[in-house]
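For reference, chains read A, B, C, D, E, F, G and H in written order, and residue numbers begin at 1 within each chain.
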Amino acid sequence: MLAVNFLLLGAALFAIGVYGVIARRNAVMVLMSIELILNAVSLNLVAFSLMTGAVDGQVFALYVIAIAAAEVGVGLAMVLMIYRNRKTIALDELSEMKG
Amino acid sequence: MTNLSDRQQLSYIASQAADARLNVELETEGMTLNIGPQHPATHGTLRIICRLDGEQVVWAEPSCGYMHRGYEKLTEVRTFPQVTTLVNRIDWLGSFANEVPFILAAEKLMEIEAPPRAQVIRTILFELSRIANVTLFLGDLGVQMGAITPVFLAFRDREYVLNLIEGATGGRFHPNFDRIGGLKDDLPKGWIDETRQTMVKLRKFCDIIDDLLFGNEIFQSRMRGIGIIPADIAKDYGLTGANLRASGVDYDLRRDQDIALSYDMADWKVWTHPDGDSWARCWVRLQETREACKIVEQLLDQIPAGPIMTKVPRIIKVPAGEAWVSTENPLGEMGYYVVSKGDLGPFRVKIRSASFNNISIVPWALKGVYVPDIITILASLYFILGDIDR
Amino acid sequence: MSAVILAADGVNVSQNVGFGIIAAIMIFAALNVVTTKNVVHAALWLVVVLSGVAAQYILAAAEFVAISQVLVYIGAVMVLFLFGIMLTRAQIGKEAGLNNTGWVLGIPVGLVLFGLLAWVILDAFGDDLLPDRGPAPTVMLSDQFLGIYLIPFLAISFVLLAAAIGAIVLARKD
Amino acid sequence: MIQLAIEIPYWAQSVLRVLGGLVAVLLPAGTIVYLFLFKMMSFMQSRLGPMEAGPYGSLQLVAEVGKWMQKEDLAPDAADKSIFKIAPLVVLLSTFLLVVVIPFGPDALFTNFEVGIFYGLAVASVSVLGILIAGWASANKYSLLGGLRAAGQLIAYELPMVLATLGVVIQAGSMNLQQIVVAQNTGEIFGFGGVGNPYILTQFIGFVIFMIAVQAELTQAPFDMPIAESELVSGYMTEYSGFRFLIFFIAEFATAGVFALIASVLFLGGWGIPFDWFGWDTIDSVDNWMNLAGPLIMFTKMLVLTFIIMWVRFSFPRFREDQLQTFAWKVLIPLALANTALTAILKVAF
Amino acid sequence: MPEKPKVPGLFKGLGVTFGILKDTVVNGANTVQYPHEKEAPPIRSRGVIALHEDNCTACMLCARSCPDWCIYIEGHKQLAPARRAGGKPRQVNHLDRFDIDYALCMYCGICVEVCPFDALFWSPEYEYSEPKIADLLHDKEKLGEWMETVPEAPELEAGAQKK
Amino acid sequence: MSVFLRDYLTVVWFGLAALAVGGLLLGLAALVRPSRPNYDKGIAYESGVDPVGIGWSQSQIRYYVFALLFVIFDVEAVFLFPWAANIERYGTFGLVTMLIFIVLLLDGLVYAWKRGLLRWV
Amino acid sequence: MGLVDRGRMPAPLTKLFNMSRSYSLWVYQWGLACCAIEMGAAFGSPRYDVMRLGVIPLPASPRQADFVCISGTVTDKMAPAVRRLWEQMPEPKYAISMGSCANCGGPYWDSYSVTKGVDQIIPIDVYIPGCPPRPEALLEGVVLLQQRIKNEDMAAKWRGDEFTTQQATRERERVAAAPAIAAPARPDREPIVVGGGPIE
Amino acid sequence: MAPLSDATDTEEQPLALPGDGLREGIIEDLRRRIGEGVVDTHITANDDLWIRVQTGAWRQTAVALKAAGFTHFSFISGLDWMPSPFGKGEEDPTAEPKEPDTEIRQGVTGGETRFQVFARLVDLDRHVGVTIKADVPDEPFAVDSWSMVFAGANWHERECHEMFGIGFNGHPDLRNMYLPTDFEGYPLRKDFPLLARMIKPWPGIVDVEPMPVQPDVTDDGTAGEGSASDEPGAARGESEADAEPATSKGDE
């Protein structure tokens, strides 16, 4: 089974995630796109660990999962706070409201 | 498929429009929750509109009338016997207790009094109907709290009481047994012994409920300190019965007025509770059930021999006048203000039902409680729809 | 998958087939995540992607990671997401204005990015085969994060702690 | 399992397994509903329960299924149809994936993961998704509140469950359920091996926590606030009718069965009987008839545990929402962690 | 709530339910299995009104005092043979129609009470549900049929006094 | 294909079986059941009156807090299991490390608790 | 979609389905007035225990209910809710009218706020007389309903005809044959007279 | 857990009825507080007390009585003293209609207007209650609201408003609480008809066709028995009762 399969898949997810980050306006959506990117990364990590036969990659995948959890937690918390104060979670509006 | 008649269609649209208006008032930040008219939590068809903030009620308004049957108007076009049987249906759990004050009022106007035997039997049946009423309350309490078993036990043991009532009066629910000047009929043979055995069963039931609910820590944790009603507020809203006594006010019409019922023949006790929370209300009711058993058992031994009916004309015309009689019904003070013009039927009857006052405190009592506590408080206030809406 | 394929040695067809199917589903779901018009739908598509990733981990013989993926991502993080969404009044049906005005910009960027990555990858790992290893026993993992990767491990616990406290404070500031 | 693999081709095995899985999911569900929900509940209220449909109402379940099949399948106009429709399936899915890991005998098992229990906990947490989206997609406030409550409660009580299993894992030194069973039936308590070492003895706290958590995961009284009739009509199921409701219904009780099975594997010694009664020492030396006896033993233990669950359900009033959460976070989780730490320390010490 | 519920109360509850379970299994439930076995309501129970037609003189008292206006009576005068031999034939009311609308009746018993000629009786029967509401209007034949089910009035408790 | 993968294939089969069972029965039901939608059927059930209001309040935020704590502890569990499975191997060292780990995360809970953030309102 | 309403259901299956419908009747908890308590007694009291007949009072929302027992007084204010809750039940569904009030106003036949009979709002399958009917009477009504369901013509029911059983059809003919009885029986049953209101 | 208070001893409670002296005292007290507000009073011996106050002094009375110890609110309602123009719908159309009397006669403590409001307050300590009445003038058709004196009065006044149309000045919201929103008319007014009774023919109308007259039966003593002559049912009922004492059924 070819390594590039995993890597290409990861790349595709990565690209889609990036598109999402750029295109989406809703903060929650952006967070989801970031999740896509992170998963792409850890997919690659696992693939590499399979190649090299060392499990470091898997350990790091675990770490990535942990970090992702923390990131989502904080991100959503901020979103909620903003929503409670501004009643919107559209990012560009927020940047306007900054002024 | 039949259709709504125009009138109903109209009232439908209109009432929905009214709701909409209400909602406009309500619909701000929070979420509005409708409990009722069809809702397991409201034993009957009470509807409660709550504005929630999260799980917390910021505003609550009962909207009654889903069971408004227009008693006060109907009494004006019925003769006294017909009214007697009609008012049975106001508090449908303790039906016999509804007749008594009305009959007493009529007797007061006619300045006659039932013979002692009739009075004692009246009192016994009165207490039996109180038991029939409160047992169901205790069982239903369990359902509201999520314990499904008690209600079945309540129904099981309530059946015995209903059998007694039916055996004596002929109606499980709506006895129509009182007559102006006495009772329709005397007790059938063997009734007294049966009653004694039943009372034993019911004391056992009270103990079971005590173990199953009142002794249960979860139950206590949900009732204690919830929905506290201080005494002065209670008086202000005209609360009566166990709701009032649970707030520490020691007032019981069975004891505190002299009336043609023979409570003074029995030795019993008025229970009060200082807390005024849901727990207190339920606990007082439990104790009152036990007291009721006590009263019945004592009175059974003291039924005097004699007639059960004074001499009254076959067709009763009540002399003109006004009279107010109220008794301590299972739900609280129930009174009739009877205005007679000397006809076959009353001229106007104002029915002062307990639940109407008891439930009018709901907007005050529900402020700031959790959604689950709504149920607790409603259950412990214990209303009956027919008694609210009449 | 018949015994023939099972017997076939060398490049394992059945695995490739499985990979292909899952990958296709994942890509489709991922595209939906970034294009759908309803936040909750997006979240659910994301669930599909994540389960796909878990499946790929299995194929890549990373059993423990896969299950952790299910436990943490699908079981916890997505619940978190859904809570977040529902608390911000996700309405049912299509929702306008989920996209930026300049969302078209994203397409070329994404494509270019993918092109570059693909080129690099193909260039680097042309066609070297993945060894067909059994699953790495869990003990190897614990060896790692209780061994050489101990410091990052503790660091992560710090991060989690900070995240928890920070998030709670943010969320409950009222 | 290896032997099976040799005997019959793979596809046949898979079919067998799937069929076995169906039985393992539906049989407990049916038994629980009829035996406990209908009969035992009625008896506890001195009633009889279904009597007319078949002798002693034994055909009641058939009637139920047949009827539910004929019920109209409603979805509110405002609802998110697609999600509304798939939500029950998600819950059912989680149940089926859960049953995969349970071993019913030395060879009678579906799969033999190294990380079995871990896998089980993972897939168990999927049902939360189903419930959440069910509540959300119904476009009904009762459903929504119910869904949120249910999800909040499920995640709150999943943690104690996970942590309670940790103790077992530490003692058995493995996450593989099969090995856990073996460890319990070969183990010995302080040198006395007569009854093996079912972890309910050494891990009693863990067991209690686990059962409480199960009770909560199944949203049975006293933890049934999310589907409390008297406040939120039926919680997230309020809008569901027809067969989809039945699926929820089945899933609920099937999950009850499966959790009971897992609990019996973790704490009651699973399919096994103390090995040295028959002089077995390792898993391979176990006689083959255990493959038949095993499932029966499991079934019995399952019935015992579900009886307890239902018994509690019919006896207690329900907690309030905040009491639920407080109980989970301030009592169970610290307790479970302490239990884990204690077990770990003892294990390391001796 | 107290963090951990204290044991006794909870276990008492469990004890109660289990006790009932045992009780039911051992002594059987106190259920009357309706379609197969029926329990007899008390004698006085107001189930359905039976009409003893010969006694009725169409005096309309019951119809007049019925609060629900649910008794419909029609009759005509006719000659009946004399009471004693040689007497003139008497003029009596013959009952043409006597309907009680049980869909409307409120089972108050007033009619039975006021009837001066003992033509109406209470029977404890209760099984007459109908799929069509019109059939709840019992005509005098059907009301007559109920007569067989009318029980004897019960004897009274000690100390009662017949007026 | 390795035993390990076959096991997981079994999982897939079970998943498909679940969907198949559900789908099949639903399909059968679809053949039998009537369908007579009308307006009232369509509107959400709210005790028999029109649904009142929309949306819900943000103070449901607490659900989020608990979910967050859940995530954190879930992650903790992920790291605890491998250690627990072969605990002797790491002996006291692993024990200490893990205790540190647990205590660190507990701090989060304790903090929230002390700040009264675990209260329900 | 459905085979049934296109009459493609094989007879034995129909029998089977009828049986299962008749033995699994989920009724939803809805009390209106005094009769509701007697209904509760029938459902709840161990002495009657309607669960024996397969009537299961579990569901709290109409979505999961098969039949509803209109037990008690229906006021004009309640009528729309009754109607809606009925509509919200999924087909096939049945209704029992319990007590004089539900049948046609009962003691409140002349009240200004009471609907004279619930059958003006929803189709009723079985009328139970009484005020209140004894629980046994309700049980009898249920048994009657079960018999009706057992020889029900599914197609007709599925199409939503008003009369779906042989009995009903025969009843209809019988009543049509003798309108004399029905006509004066209930002059206040025209829907014009509902409650009070000013005299124009 | 609060300690469960035992009941206060029932024995020492004054079971003796508050005598009329007490009631006199109450009246005096009230006169002192609201002076001319008290228009008329009525005491039934050892039983009850009515006080009629001026419309203007309605709320004042509540305040005064509350201060005087009548802290428990029982009810407020209205009275319509006009005899109903419709009767019971139980007239025999064949009999010539009786002239409906339209004279308004107030009850105890009299009054000037057709409508009156009346309320009842209780003194829980002295176990004595009092009924207060006040006229409702036609213009403005309202009295002051008690809802700020007794919170419980709120709903009662809503009900009274809905049933009689009486207004209550200063009431927070006089929304309907019972009837459907499209309901016109005030049900408890005497001139509000019950349509069903109007439309449904009374089955009590004597419906016994007389026999084709025959010469030989003219003055038959037995003929009267149970025959439906046209004398009003009630009177005949009595005569029946006397003629035939009810037998056997033991329900008299």
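We adopt the following convention: a contact is a pair of C-beta atoms (placed from the backbone, for glycine too) under 8 Å apart; a residue touches a chain by one contact, two chains touch by 3 or more.
Values in this document were obtained by computation on a predicted structure and should not be read as measured data.
Participant: Count how many hops through touching chains it takes, at the least, to reach chain G starting from chain C.
Facilitator: 2
Participant: Taking each chain's centre as the mean of its CA atoms, which one is farthest from the centre of chain D?
Facilitator: Chain H.
Participant: I'd like to verify one number: the distance from the centre of chain B to the centre of chain F, where each centre is the average of its C-alpha atoms, in whole angstrom.
Facilitator: Roughly 46 Å, centre to centre.
Participant: If you average the Cα atoms of chain E and of chain G to get two centres, how far apart are those centres in Å?
Facilitator: 23
Participant: Can you give the whole-Å distance between the Cα centres of chain C and chain H?
Facilitator: 77
Participant: In whole angstrom, how far does the Cα centroid of chain D sit from the Cα centroid of chain E?
Facilitator: That gives a centre separation of 53 Å.
Participant: If you look at chain A, which of its residues touch at least two other chains?
Facilitator: Only 62, 65-66, 69-70, 72-73, 76-77, 80, 83-84 qualify.
Participant: Identify all positions of chain H at which a residue touches two or more other chains, and write them in rising order.
Facilitator: Residues 89, 178-180, 183, 187, 192, 194, 197, 200, 237, 241, 250-251 of chain H touch two or more partner chains.
Participant: Would you please write down the residue numbers of chain C that are in contact with two or more other chains?
Facilitator: Counting only residues that touch two or more other chains, chain C contributes 1, 6, 12, 15, 59, 61, 63-64, 68, 71-72, 75-77, 79-80, 83-84, 86-87, 132, 135, 138, 141, 145, 153, 160, 163-164, 167-168, 171, 174.
Participant: Please output the residues of chain G touching chain D within their complex, sorted ascending.
Facilitator: Counting only chain G, the residues touching chain D are 16-17, 19-21, 23-24, 29, 46, 49, 51-54, 59-61, 63-64, 66, 88, 90-92.
Participant: Within the complex, which stretch of chain H touches chain B?
Facilitator: Those residues of chain H that touch chain B are 1-5, 7-8, 10, 13, 15, 17, 47-48, 50, 71-75, 77, 79-80, 83-84, 88-89, 105, 107-108, 118, 120, 124, 127, 129, 131, 150-152, 154-156, 159, 163, 176-183, 187-188, 190, 192, 194, 197, 234, 237-238, 241, 250-251.
Participant: So in the complex, the part of chain B that touches chain D is made up of which residues?
Facilitator: 31, 33, 35, 39-41, 55, 142-149, 152-153, 156, 212-213, 216, 218-219, 221-222, 370-375
Participant: Could you pull out which chain F residues touch chain A in their complex?
Facilitator: Chain F reaches chain A through residues 58, 61, 64, 68, 71-72, 74-75, 78-79.
Participant: Applying the document's contact rule, which stretches of chain F touch chain D when the two form their complex?
Facilitator: Touch list, chain F to chain D: 3, 6-11, 13-15, 17-19, 21-23, 25-26, 28-30, 32-37, 41-47, 51, 56, 60, 63, 66-67, 69-70, 73-74, 77, 80-81, 84-88, 91-92, 95, 98-99, 102, 106, 109, 113, 118-121.
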